[in-house]
Amino acid sequence: MRAPDSSIQFDENGHLKHFLTVNGLTRKSLVNILDTAESFINFGQREIKKVPLLRGKTLVNLFFEPSTRTRTTFEIAGKRLSADVINLNASRMSTTKGESILDTVRTLEAMHTDLFIVRDKASGAAHLIAAHLPDHIKVINAGDGRHSHPTQAMLDMFTIRQKKPDFSRLKVAIVGDILHSRVARSQIHALNILGVDEVRVIGPRTLIPTEIEKMGVTTTSDLIGGLEGIDVIIMLRIQHERMDGQLIPSEQEYFQRYGLTENKLQLANEDAIVMHPGPINRGLEIASSVADGSRSVILNQVTNGIAVRMSIMAKLMGGQEKRS
Amino acid sequence: MRAPDSSIQFDENGHLKHFLTVNGLTRKSLVNILDTAESFINFGQREIKKVPLLRGKTLVNLFFEPSTRTRTTFEIAGKRLSADVINLNASRMSTTKGESILDTVRTLEAMHTDLFIVRDKASGAAHLIAAHLPDHIKVINAGDGRHSHPTQAMLDMFTIRQKKPDFSRLKVAIVGDILHSRVARSQIHALNILGVDEVRVIGPRTLIPTEIEKMGVTTTSDLIGGLEGIDVIIMLRIQHERMDGQLIPSEQEYFQRYGLTENKLQLANEDAIVMHPGPINRGLEIASSVADGSRSVILNQVTNGIAVRMSIMAKLMGGQEKRS
Amino acid sequence: MRAPDSSIQFDENGHLKHFLTVNGLTRKSLVNILDTAESFINFGQREIKKVPLLRGKTLVNLFFEPSTRTRTTFEIAGKRLSADVINLNASRMSTTKGESILDTVRTLEAMHTDLFIVRDKASGAAHLIAAHLPDHIKVINAGDGRHSHPTQAMLDMFTIRQKKPDFSRLKVAIVGDILHSRVARSQIHALNILGVDEVRVIGPRTLIPTEIEKMGVTTTSDLIGGLEGIDVIIMLRIQHERMDGQLIPSEQEYFQRYGLTENKLQLANEDAIVMHPGPINRGLEIASSVADGSRSVILNQVTNGIAVRMSIMAKLMGGQEKRS
């Protein structure tokens, strides 16, 4: 899989005009997004959770691959910014009438919409759409194939920074099905840009892409040894449909070897935190006691997800982000 | 079926913090809700049907069992109170990804949502959810299994009071499939709390639960005799899928024995009113001429449903309701 | 098919109270709608695309036949007018519970909704609904069976007028599947009312209704000859499901005989414009180079669709339109 060209997310002055991938962003850019998100983090506790930043703008949730959960986070973020939010079950729209993605997008553009949140099974879909839109319309990638899920990575970075402000000292483990995970790819890029000490990828050999080490990570298929010295443990979601005996053995065997339990958690650093993009499979990749335990920041990730998405939306629509 | 614990709908000071069931509420509480709803009843005729009571609040329609009609009433009520309304096809969300109801709810809670409208096929679902939420998040039960449908009961009480203000003199008949009706259960509780003279349950023996008399009602399987002296006739909806020859004979036979016709309506008191929670099956449980006739208050129930739901939402979010 | 009675769209003073069909409207009426739409045409470029004309009003998208695209245009138009928009998958609502269309509509009316956007597979559905509503509730027909799609016709007239202000000189060709097209019927009415010089209907004999000439059009099955002298070419969408060898031969053969290519476009007048209601089938009824070419106004149609729908909504809800 060739990575789509990420340069199109900048305008000629180096300002961020779309948010398609963290790959190619500078450390300063990422930190700037995280800093802006801070201003939205207490927003959720306000009496009136509403600011007029996107008032009179039309946000389109263009989900060619359905995801109620992710769609909801963008819908809530958009509505709190006072945008008009249009939810499109785009998969149905296009398949029913045989319309191409680009024709759908051009039609929506002609309706004077302002911001597209794009999710698709195909890698590079958001890039493709962004490349065909005029400058004043912005695109946020909400997950494209196995390629990228950059807002998830940013909310993860935000969550890590809340607990561990100095990235340069951190050893981070990403555990599970790396092969099929767009989340893992985006996290690895972000962690490296932010300059962590080590990213360690842990999973069955069948689920670790062969060329992953080129991304600047270490790999191991041994969770027991792999957790040593780790500050941040990011568990990935296992797709049940992968449990076919080929890539992954049985659920019990997977949980035994790669499921995060209280005992295994002891192997990491004393103050290690546990993350998961959700929804979690209790008893498959993570024990309930760990998911609900004091080291888990899984629900913090959800809360931060709203703030980070509001921040990115506000930034793109306001357009002040500098490249370098 | 054991009734879920209704005490969790009160806080330690006896204020109503959720609206899960009418069982356990005082007469004063019910009257207070009805009185508050009065202030919303002319609202629907206003030029601008919008008040800012829930502005900046996020209302989630969390329907694990789909119901476009009921969902719409809550969506309209919420939007007229200026809330941001998020509709979740929760059944699809959870079944697709194998997430548990409580994980879904905790995730939504982490997004700083304020009010859940919950509908589920399982009795006690709204109670379960309410029991696991922090105090500042409110739950309204929009129907759980065969157990309860309290907002429907309240709009019915409101509709009765509009026409017959003195509950103590009223004889009320509830006719049809009591066995499967959460509406009937909630109505019986509410009518008894409000102190009606008699609640008479009428239906085929196969559709009257054996222990229903413990709820303080009289029962009969004879509609002809049963309508004598009745002031309020509440017809229940028959589910077509029950027409399998076991619980109910044929549609024709059911209509002949239990369908409300003009002739049978003459057997009740002269000024008796006719109610139905909708949607009606014309020619099955009720004749069209009765449903559309001058004694029918079926559409009043719909109108009142918006006002009563706005009232309950405003009350929970404002939080002034006292228990006793 | 008998045309539904269009007189019900006027009140006793000749004001337009519903928008069901262009048939029966005066030239003055149509021009008035087009003129009002002019005031909304630059609206889409504004910083804040929001006016409070329908604030506090409840608009219901009542789509018994699903159409994400058309629904979206009305949702966007309604939200920009500040209405509360309720989307109903009405097909599911009614079929699931066996409720009739009129009972659904009466129920929504009882919720004090203000404006229904109705789409249905059955001709006359919007008329039927309008005939049963009280005066203060308005109906817009968003497509009923093969009968009418009047807002599409109005946006087409608006688009034509932008490029060719003098209707009296225009020769307009409508090409394709006239037989199944509600769009074509509405366009023919509108073009004749606006007094164009000629409407020429072009398509396979099997797809031209036998009595169409009574509507005041000329017909031909020869696209080559038919394009001569034409100023406006309106291509219709071909439904793939019609490609069964009975009404239409193969896709290749259809494209060869009736698909609009650059070469065929040369046969029309030099400054002829090309229109299509969308979504387009590239390579079936129209070549990509034509659809995306300099003569195409297909995306202008989409943009104008929002303005025209806002204009009609505002007009009905304000109620100043005079019949003659």
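A, B and C label the chains in the order they appear, each numbered from 1.
By definition in this document, contacts are C-beta pairs under 8 Å (C-beta built on N, C-alpha and C of every residue); 3 or more make two chains touch, one makes a residue touch a chain.
Owing to the predicted nature of the structure, the values given are computational and were not obtained by experimental measurement.
Path length between chain B and chain C in the touching-chain graph (shortest route): 1.
Both copies, chain A and chain C, contribute mostly unmatched positions to the interface they share, with under half of the numbers common to the two. Taking each chain's centre as the mean of its C-alpha atoms, chain A lies 41 Å from chain C.
None of the residues of chain C touches two or more other chains.
Chain A meets chain B in the complex at residues 44-50, 66, 68-69, 72-73, 75-76, 79-80, 240, 278-282, 299-300, 302-303, 305-306.
Chain A contributes residues 55-58, 84, 86, 88-90, 92-93, 96-100, 103-104, 106-113 to its touches with chain C in the complex.
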